[in-house]
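See the structures that follow.
Below are two complexes that have chain A in common, paired first with chain B and then with chain C.
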Partner chain A sequence: MTSEKRPDPYECQPAPGNQPPPPPAPVDMNRRAALRVGMTAAMAVGSVAVGLSLRDRDASKKTKTLPTIKDHRAEKPAGATDMAIVRGPDPAVNVRKAIEALGGMGRFVRRGERVVIKPNIGWNRTPEQAANTNPDVVAEVVRLVVAAGAGKVWLTDASVNTPEQCFARSGIEKAAKAAGATIVRPDASAFREVNVSGKLLRTGDVLFPFVEADRVINVPIVKQHGLSLASMSLKNWYGVLGGQRVKLHQNIHLSIIDLAAMVKPTLTILDATRILLANGPTGGSLADVKQMDTIAAGSDEVALDAFGATLLGLNPNDVGFIVEGMKAGLGTPQWQNLKTVELGG
Partner chain B sequence: MFLWLRRAYQIVFIAFFLFLVFMTTAGLIRSYDVQWLLTFDPLVALTTALASHSLYHALLWSLVIIVPTLVLGRFFCSWICPMGVMHHALGFLARKRRIPDRVKTNNPRPSHKIKYVVLAVMLGLAAAGSVQIGLLDPIASTWRGLATSVMPALGNLAFGMYQGERHFQWGTLITVVFFGALALNFVYPRFYCRVLCPLGALLGLLSKFSLFRIVKRPEICKGCKACGADCQGAADPQGTVRATECMVCLNCVATCPRGGLSYRFLPPVDRSITKVDLTRRKWLGAGVAGAVAVPFMRASDGVEPRPNPARIRPPGALEENAFLEKCIKCGACMKVCPTGGLQPALQEAGIEGFWSPILIPRIGYCEANCTLCGQVCPTGAIEKLTVAQKVGEMPARPPVRIGSAFFDKGRCLPWGYQTQCIVCEEVCPASPKAIYFKLETITARDGSQKTLKMPFVDLDNCTGCGTCETRCPVVDRAGIRVSAANESRTPRSSISLTGGKI
Partner chain C sequence: MRILTFVVLALIPPAFIGWMVREGRRAPAPSAVPAGKARPSGAEADKTLLALFEGDLGGGKIKEKVALYDEKGLFDYIDGAAPIFIDRHYRKLAAAEMASADGADMVCDVYDMAEPANAESIFSAEKSPTAKPVADFPDAIAGPMSFVFRSGRYYVKLTAFDAKAEAALPGLAKALKGKMK
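Here is the complex of A and B:
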């Protein structure tokens, strides 16, 4: 490089033949420079601030607390009936009589409360095939709950077959909607992660109405089941769960009890209008279906299942989840010892 | 003088970089942060933060590049970048002889805008949750090239004295891409840096704010264009210097016979160009293209929620989508894996997971008491685990599972050939062992009775480490093989009910 002294490059040099431009005000130049420095400084400070504010933000997300499903049971008035068994040709009438015998829906649902009704809508089957709860039974339950002044009536189930088709072919969606229920299909967005805190299951994804509702009404059907022997009230709680439910079969009886202890319904109405005696829980052949024209209702699921087991020709003491349910304090299989009303037949 | 300073920086940084890559091996690493230079990469910080809405603490080091770039311009490319040094050297070797020819190769071209499009696509992908920056980022690419191509080739030539024999799945592809990028210097110098490098593009954008810039004194310039002869960034010092392209190599300042160029604090704004000649529509279009590509990639099968069974992630890997928000495919985990079992995925992890790490147990198993992959991961895609966390202690603290082992009873020696073996049981590192045997008396072909030890897998004790598959004496496809089923990072993958989640 040369050491020759050069003119200051930033001094305005008049080009030959041109008029010299007016010299810019020095204050202005300084302000411009300050603005540029300020801009760069702001960018620098901004990137440091953003970096620090995002620092390991995802680490804190891991320790989220999960909701727990509350106890939905209603207080039992002194001297009230524990269980009602009604036989008759019209399933809706049977339901009405059974609830009346228990003291009316007002015993279970107060005005303005939000209620979720859980039938079995597991399979892409017609009502005659007796794989899902009878739609007339479900519709009558919805009507009674609406009449009791419920603020919201959800109806939902996590079907095993394609939900849209199960909800339609079972006849339940149409009947329940007409009776005033809001249908909740088990889409991925309908599930919330909750604490189960059971013996086997720690957490699980549950249909949101079970997290939000004040009251829960279980409306299962009586069916034979290959692994657990029977599917009735307690087993119906499989249907609140999303995820890989089939894993629960590794210990079906205890997992049924985990789920039943998590939900604790207000009322259970066991549908034995038609029962499935073989090839359950899916069924298919009308030869496996038996017309029983029976409804049993109450708030002791173990007692109801013990009664249901007898309809299937089973000894309740041979059914694992009934025995486990008793041990877990969920109820008694000695339904005959409860205050039971039997009507019809 | 300052040229020698720059060269000194370049030599020191590439030497340091190579040293750290060299140290990334079980025998040398101890607790050194050998991945340190990877955490300086602003593009890694930006894309992983965009994708995960969180910045892994180590990546705060990127501010050490970002802030000075705002002040000094895109100095990183010519002073620090290890790939930049290689390109600089190769571009020097490949340069034309005559100065006018050299100037011509260093003219700005419209194709130099492509890197901004690449950057916009990468940012769009990241915003939608898919970090693909590792494919083109110079630091991650150089790391990967060295880790899975150059070092294994040299190490194998040295009779495996360095890390033992190393072989990487389709390492040839990585070799071709790595050396291909370098060979582009023979098209014209710094082709990759000027046309493709998304990090260069990002730093170029930051340079719009730079306070120090190289500027020309038009009254001195006689138009000889000598300044363009070795301009690294094709920043057009022969015309008006483009601040976004200038890599501050200072060659122009040194070359000008009249001293007409200088690196100055706050030069007048009209002496340099800061505009990237890309319309807002093109910026936006490229970003949107990147973002919408993500749902399409995830609409394919073989990704979540039904992944390929061979997608066995390293222990401590985040749940898959969170993993894809952070993995930059640098290959540090593959380099450090003591058994060499961590491999660059091809199709196993879907198109998004291309070149991300998977364990191929037939090549090498996951060493039970080793957590080096998490230690070297620069972005936290693989969590840092302690050995106690990884191994666990049943039943209170379950181990980290990366998969589980399954017998292929037709290929297993006792099951398929009535031959004594149970090597799998012997090498199983779980305690109690995940592979156990039962004595069975069988009738051999000749009618004689013999007692054999028949092996079984206990799902709850198996971590999927793959030692059994690596050591199984049945060559090529082993008689016991690991798949990703039952990995513990997400309950969806579990088979057993033992974890309490379904």
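Here is the complex of A and C:
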């Protein structure tokens, strides 16, 4: 098929030299139409840009000005143990042995540093009901941090039930105060808005010690959880956040990872002294509680949660936030492949 | 035809701007929840639910106001345990801090499950394998520090924190069940 150039009836002819310049050529109709379409397209493109900027204007303004929680992880000395698992009847002894096996609290906390300790104090439950971290475990962690020379030791959690009841009934407030911690209850004035920069959560109101601390120590309990299967190290970061909890549960595994990626703790001490096997996270009946007399400690929250999942009879690969945590580069579920020490209490 | 094309093209930009602005301001949509069938109506059912806490409570006393939690608020009370109730067409929870006759603390949670079949379903789902059935109290189990039963469309969880409160739970359960007829 051949194409033939059609003559343009409106094409200008070259003007002879002795003639006055010809009047301006009329704009041809095709060009005019093309101009209109082009202008409309340009308006559309401009509008897209304006729309996009309007859509993100508030969010970007906020995230630019909000503080970001720093990475609290400590550098690992060459040859240091990654994870310690201690079993024995005395929770405080188990904590001490686990930290000693990791190289001592001095590996994680330096003199004068401000440290925040985050147990699970979410529930109006006694220690025997195993919905909160064991108070003896928490107290021992506080003592070790104080002994390491910390300048300030905060202890806090955004409880689910009434905070006054949770802090008292759990036994944690009394034990931690006696050991030297400053208790920060989750009153409205204790929260600061920060940049979460997560896949689901852009910003959030976080308890202020997590913004101000040099070091963060996570002290979760191992328990079954109705929605996420388990609540351990990674899930414990729900307790840094204020506001309504319903939005967090719409994609629980990813929101867990958003918060875990935001905090990046220095050290995690997983409390499996008593574990809640069913009806978590609230519990209540002692029929659902199993005495395990176990403490696991380390810096890899994914590894610790993979170990904790096995205590609950779960395959770590079936727990969404463990898999997502590994994908996000927060750690490995193959805790057996880490340099791990297992001890009796 | 050209005018029509121009008008259509000209309308695209403002429409697009409007859509972008609306998207930017819109909160994430809540997850879909299946609706229960023939559910009791809100205000009337709330009244019936709160009436369970009036009068004799087996010697127990309410320490503060009874709190009501709807589907959205349930997460603020039981966190990740909420979906198993919502999936079973849960309607509302009435929760009360209580004290036994001798002053021991206990918690009384009455879940209005909208229909008896939903209450039966949650009772079966939450039943601890090691919890014991209660003599002369059908559809009830007692674990240490806990007494759980279902009656009609209600599912009730009573929690104690010490032996004194634990001893008061059966009396409170009987009083509540008597009002659920």
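The rule is short, and it goes like this: the second predicted complex is superposed on the first by the 280 of 345 C-alpha atoms of A that agree within 3 Å, B and C clash if a C-alpha of one lies under 4 Å from a C-alpha of the other, contacts with A are read in each partner's own complex, and residues count from 1 in each chain.
Assume a contact is a pair of C-beta atoms (placed from the backbone, for glycine too) under 8 Å apart; a residue touches a chain by one contact, two chains touch by 3 or more.
These numbers come from a predicted model, not from an experiment.
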| item | value |
| --- | --- |
| Chain B versus chain C as contact partner of A:Leu241, first or second or both or neither | first |
| Contacts of A:Thr182 with chain B and chain C, given as first, second, both or neither | neither |
| Partner chain in contact with A:Ala287 - chain B first, chain C second, else both or neither | second |
| Partner chain in contact with A:Ser255 - chain B first, chain C second, else both or neither | first |
| Partner chain(s) touched by A:Leu227 [first = chain B, second = chain C, both, neither] | second |
| Which superposed partner A:Thr340 touches (first chain B, second chain C, both, neither) | neither |
| Winner by number of chain A residues touched, once chain B and chain C are compared | C |
| Partner chain in contact with A:Arg202 - chain B first, chain C second, else both or neither | first |
| Touched partner set for A:Thr332, first chain B, second chain C, both or neither | neither |
| First (chain B), second (chain C), both or neither touched by A:Arg36 | both |
| Residues on chain A lying within both footprints (that of chain B and that of chain C) | 33, 36-37, 40, 43-44, 47-48, 50-52, 54-59, 244-245, 247-248, 250 |
| Of all residues in chain C, those that touch chain A in their complex | 2, 6, 9-10, 12-14, 16-17, 19-21, 23-24, 28, 30-31, 72-73, 75-84, 97, 107, 126, 128-131, 143-146, 148, 157, 159, 161-162 |
| Interface residues, chain A side, partner chain C - complex | 33, 36-37, 40-41, 43-44, 46-48, 50-52, 54-59, 122, 124-126, 128-129, 160-161, 165, 169, 225-228, 231, 238, 244-250, 252, 278-282, 284-288 |
| Residues of chain B defined as touching chain A within the complex | 45, 49, 52-57, 59-60, 62-63, 66-67, 70-71, 206, 209-211, 217, 219-220, 258-259, 262, 266-269, 322, 380, 491-492, 494-497, 499-502 |
| In the complex with chain B, residue positions of chain A that touch it | 1-2, 6-7, 9-10, 13, 33, 36-37, 39-40, 43-44, 47-48, 50-52, 54-59, 196, 200-204, 241, 243-245, 247-248, 250-251, 255 |
